[in-house]
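What follows is chain A paired twice: with chain B in the first complex and chain C in the second.
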Partner chain A sequence: MTLSSFGAPFLPEIVLLAAVLLIFLLDVLKVRRIELTGGIAVAATLFALGLIVADLGFAPLAFLSSIPSSQIDQLPAVGAAPLYAFTSLGLVFQAIFLLAAFFVCLASTSRPSDERGSPIFYGLLLLATIGMLLVAIASDLIFLLLAIEVTSIASYLLVAYTRKDVRGLEAAMKFFVIGALSTVLSFFGASLLFGAYGTTNLYLIREAGAAVGYPILVLLGYGFLIAGLAFKVTLVPFHAWAVDVYDGAPDDVSAFLAGGTKKIGVFAFFLVFLGPVLVVGTVGQSGYGLFGGSVALGPSFQIALGAIAVLTMTVGNVLALLQKEMKRMLAYSSISQAGYMLIGIAIGSAPALGGATLQVFAHVLMKTGAFLVVGAVAALGVGPLIEDWRGLGLRRPLLGTSFALMLLSLAGVPLTIGFVSKFVLFSAAVQAQGWFIWLAVAGLLNSALSVFYYARVLKVMFFDAPPVPSSPATTGVMGAAGPPVLPVGGLGYGRAATIAVIAAIIVAFGIYPQPVLGAIQAAAYHFVTVGA
Partner chain B sequence: MLPLLSIILATLLVGTVGTFLSGTKARWVALATSAVFLAEVGLLFMSYPGWPGYSGSLVPGFSDTETYTWISLAWMHVNYSVGVDGISLIFILLTAILQIATVVYSWGETQRPAGYFGLVLLTCLGCFGVFVALDILLFFLFWEAVLVPMFFLIGYWGGPNRRYAAIKFFVYTHVASIVMLVGLLALVFYSGATSFDFTAVYAAAHGMAPVVQTFLFLALFFGFAVKFPIVPFHTWLPDAHVEAPTGGSVLLAGLLLKLGGYGLIRWAVEVLPNGFHSAQPLLFVIAFLTIIWGSVLSLAQRDIKRMVAYSSINHMGIVLLAIALDSSLGLLAAVLLMFAHGVVSALLFMASGSVHHQYGTRDIASLGGITPSAPGLATMIMAGSLASLGLPALIGFPAEFTAFLATWDALGYWVLIPLAVLVVTAGFYLWMMQRMLFGLPKGVPEHAHDIPWYEGAGMGLLVALTILFGILPSLLVNVIVNSPIKGWPGT
Partner chain C sequence: MTELALTGFLGLSAGLFGIGIFGILTRRNFILLLISIEIAMNAAILNFVYFAAFPSGTSGLSGQSIAVVLIGFAATEVAVGLAIVLALNRLKGTINVARANDLKL
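Showing the complex of A and B:
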């Protein structure tokens, strides 16, 4: 007996929506204890995660499976125009999104329990997550863009939810204006596609392209779509907002934005360009979505996306090298990591798709974790500059070691998941042969470059002496020499546990990636060759 | 059968971690680890055909192999796959010898000893891994793992110009690694192997088009050759060797340079025969250039350590020449040469390190007549120099003789070039000895005394081996020729 016999394919979304309503209801009733609202959010995301993992075929949780396996990875009937479709790759992305939401929710339970904003924070975060889940099952352009809007609107509000912080307000304003622009571009692109093909269904659009060809209207439409989505994924030259927003937003929100929400754009790219083509004959391993199916669209767009990927990696890395503030450095590194993901999209083969998905998974762990550590360190009273972190690794060994693991993983050092994801991605680039091999070279050179700024943080944290108070007067009557001692504890169990778990996963899957990698690759194969 | 290679890896790993954690007692942990490592390598030898005590049947190819699935996807299979043949065994022996010699020689290290000995062990762990890995990813992981500890050894314990040298070393070798990695990945996917395993790649690569093979060979060659180093990518070497602490120089010259030669033989020459053939003329040109350039530059040096460093370039040029001959005798010579150079250059770097400790300078011209006050040190310098110039009954002779024989077989009178260079080098070594060791004392302090016992012990071990294998090179040759290389009895 599984849940699927009750016929509730949207159960994860329903669970989250129920949690949102409950949290807002309790808010109205003036029940705002963070243990309660946070607990609801944690439980809801964990339960939804369990549902998704069960749907992916994880045997021990099979009883939770809510989607009949006969509905997963199926092509629609010829002529049908479904709004949504369940693909195993979409489910993988849902799981990744829920994981990010779960980590942020769990870590945030460690804030002061009298904070009035907590219901707003958790409610908005779960709302944004619902939008992300919907993105992962979209099969219609309008459905997709509306789902992105759900996430976007919730995240604009999240950036400003504290309402007191001027920097947060400014960031939210910038985020909103840029986000609105990106939405306009996307919808304009969609309308051009509709004008050319008379449909907004992604299957039918791809089918029409394979059958009819690609008039200039369509190329323009795809161009605008790429621009609109590029804002979401922070691709150069559409990246400038991201640093200010991640920098100005509350730390936990930055963790969710950089780790979670920007990945919806990656999956939107998958959906628009790489899904299966309905027409028999263009389906199969040789035909990867639009790139494999068409001579007209494939190479030119692939070269454009490849160029953007190299540009994004390089600009992100070079600017990260120049930063003095920890959060801004992480924001630029986040931009460069988006470039790695785009390599997979530009290649478009099933191995590359799998590599990009693994990179998304790895980045969720690394970047969410890193921003959560930043929040924890800020709570300890350490300043925003990288210099301020001097000696932190020795004063807080576990926190420092966890952060070091996250940075090493971002740099792609072996035995971390960040290495595995880059290795698979670059292998896929070489495996695709042709000019893609240069994407691997560019990616490898960028990884080498990125080592420098991550290593600099490690040096500051582990080799430099802790800061000494600037003048004796500030140390008060005690006048004790030596480094100031950080407050004991202060992290809270939720945040400490989250950081430790993330660090453990990074190493565990770095050493033995087969379980997650096997599942992702299988899903990627289904995604591009479904029904073949 | 006992998974001996994994046990050795585990030994080194535990020993390295233990060394890092054991503070001022680090040298004892390092010594114990090295001793166990050496004993285990002895066991490894006894179970390999060609070793005097071996009683089993002659099974050519890789022995002590272990394979466990690591990553398995539809398009990519990566294994934890290790194994040894005669060639890798020789390099493993070299690793074990140099590790224990370095640890003993550095016994007096007082500056953060835990870090120093830990990094020495980590470097040797990486080299050992490179020599046993039979999977491309595993090979690359160990290859990179060597880089990091050496970077810190140079950057923290090195001489006055250490930061520049460390970064130059890192950038040169890392860029080369990246080219090599792309070449290795292309080797897998262009040959259609899908498996990263050596045997699978080996089998699949022979079917590739000659043009593709040539490009792949050049990519791999570049990656390996920067480690060699070849002219014109050699400039990292003098800086790194001279600035590194003595232990670091020993490992650099003794082991790290050999990674390039070993990689070239294992992963490029045998795997891509057609690519190798079309690149052969280029290899000859580079080899001759490297031989001549290395020796000319070593002539011009006043600093004894710098002189030894440049003579390393010269020797590795002969190794490249021997490999490029594409004969089984040439390959044998290359392996012998690398072993000999590993021992002898380690000895010479230790000796020049001792000169620096004793007299505060390494300038040949400002020193003289050190023999009366430091007979031990003088003996070591002399033994190393004589071995390096190829005196019979020392290890350099059989190696160089084989190399010149193979060159004569393949190229005829071209052999006169390396021979002439050898004469020049020999002359310079003799002149250096004459000025530094003999004559009236110059630059020697009033109460000068001989080197400390541990430095003498470290060098003495190497001198003993130089003599042993110089008289009995068959101990090595019989093992090497059981490797799965065409033209050898083992195949």
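Showing the complex of A and C:
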């Protein structure tokens, strides 16, 4: 085995790791200009994104392809226990994760250039991204959980990276306690599954699954594992931490947490309950289903996941309706969006999986963008309440229009990518027949409900009069009479460009979704039928 | 070893796990909270060791090696937790989780 044949498949991770080491080295040498560290991070994420997109078969970038196509979507030899496996759906998720990291890195280059924490911010962000990339190629339960922890541990610190901000530190502490609890639950579940199956390899677990059946050990193991992962995805009984953490974290970090790291749990659900791991070989018989749909327990797990999905959507939306603060409203809307993704997992067919993946992609764009807008608006000196945004859309037309597009997409209005993803997901639910149709109905009702609170924000932004200039929170920036607090431009080029690009992508793929939709549907099909 | 012995071992780790989770949910002192997390984590680690010792599959040494990896992982997690709480202590002068209430619930 040559060095290149060993190292090449991990080139994106290696590039990111090199960037992390470089950033920390420069930090030690007291080179902390945000233009430099941010530039390194942006370049590394963009290059890694190029590598992944090339591996997905994007022809113009074929020269960057680092994984032999013979290694993608292949089942391992019988009895082999590989720690990692390249699936095209995993690569799609890697691309989505890198996109989120890239947007956050690019936007945060607009922070003050003498900020001391910038090497820590970028280094930890890239470390978290490495963990996310590893999640997407895991094929072993312990590898998967440890990769999740790489991301989690980096993100606890990311929330507190300023070290001087009490709210950030408290958010980090809550995040740590909840994160540690979820870690313990998932590892305990994994240990019970190890006892039942005699292995932690997901392929071997699938092979042993039918013979072992569902003794109490397996039920408890999967129960603890679902609970642990549910914390990461913010599913409803385990969602309360997310609002405080997204609220207390610095805005750019919230964008990364809500837009990026949360999605690793979704892919972990895919890996553990679907995909080559558990469905292969039986998918032809039933067409869909957890555990191949052939074991008696499959449907009851599906019903449990479906119930959690409906609960998550409803609770998230209802609580979002009641919020007065923009960040908390977005946090609750993020929780409800996780419910939509879970619909796809509960159904488990290839189209539903594609819909859930598209929903993840759309949510990365919408939520990263929305939190970045919140950061931008806060930098303009506007308060955290939704009321404080009065008239912002008229004062800052481009920013307001971009945010409006993101909210419309979150609500699922046609001609945005949010509509496409919900349409694909709900039509998959209808196709799956049976009680799954009710999941689509619940999803539609929830989308209608969510329109209320997004429309309220739009009304405030575009139809309410701007606040009076004498108000202390808004003096100077919004008021025409006050002195200019911020330099001309205000947002900074990186942030403005990121927000504009995200808004453009949301509309572009909303009107013409075929390229992304095709790639994702093909990947999802391979994921549930590989080798079959 | 017998089934009976395994049941006893599992009872031990279930007890440790219960104590740990109870501690995580009730303790308000951050250091005690970290200890509770460790206790619950050790229950999972012990499970890996027991199950590797019982011939329930072709696990080989994987259970023991997973246990060693997890011990290392638990140490990193505690280090990060302590770093956060030290920074918070410097600002607020308390390590009591219940006093960390600047964020509204």
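Quick note on the criterion: the second predicted complex is superposed on the first by the 488 of 532 C-alpha atoms of A that agree within 3 Å, B and C clash if a C-alpha of one lies under 4 Å from a C-alpha of the other, contacts with A are read in each partner's own complex, and residues count from 1 in each chain.
The rule is short, and it goes like this: a residue touches a chain if its C-beta (ideal position, glycine included) is under 8 Å from a C-beta of that chain, and two chains touch if they have at least 3 such contacts.
Every value quoted in this text rests on a predicted model; they were computed, and no experiment measured them.
Contacts of A:F194 after superposition on the shared chain: chain C is touched, whereas chain B is not. Of the two partner chains, chain B is the only one touched by A:V424; chain C is not. By the touch criterion defined above, A:A378 reaches neither chain B nor chain C. Contacts of A:G248 after superposition on the shared chain: chain C is touched, whereas chain B is not.
After overlaying the two complexes on the shared chain, residue contacts for A:I142 are found with chain C alone; chain B is out of touch. Ranked by how many residues of chain A each touches, chain B and chain C are led by C.
When the shared chain is aligned, no partner comes close enough to touch A:L83: not chain B, not chain C.
Of the two partner chains, neither chain B nor chain C is touched by A:L36.
Of the two partner chains placed around the shared chain by superposition, chain C is the only one that A:R167 touches, whereas chain B remains out of contact.
When the two complexes are superposed on chain A, none of the residues of chain A touches both chain B and chain C. Every residue of chain B that touches chain A in the complex is listed here, in rising order: 69-76, 137, 141, 144-145, 174-175, 178, 181-182, 185-186, 188-190. Against chain C, in their complex, chain A makes its touches with residues 142, 146, 149, 153, 156-157, 160, 163-164, 166-167, 169-174, 176-177, 180-181, 183-184, 187-188, 190-192, 194-200, 208, 240, 244, 247-248.
Remark: chain A residues 350-351, 354, 414-415, 420, 423-424, 426-428, 430-431, 433, 437, 440-441, 444-445, 448, 512-514, 517-518, 521, 525 touch chain B in the complex.
Within the complex, the chain C residues that touch chain A are 13, 17, 20-21, 24, 30, 33, 37, 40-41, 43-45, 47-48, 50-51, 54, 56-59, 62-63, 66, 69-70, 73, 76-77, 80-81, 83-85, 87-88, 91-92, 97, 100-103, 105.
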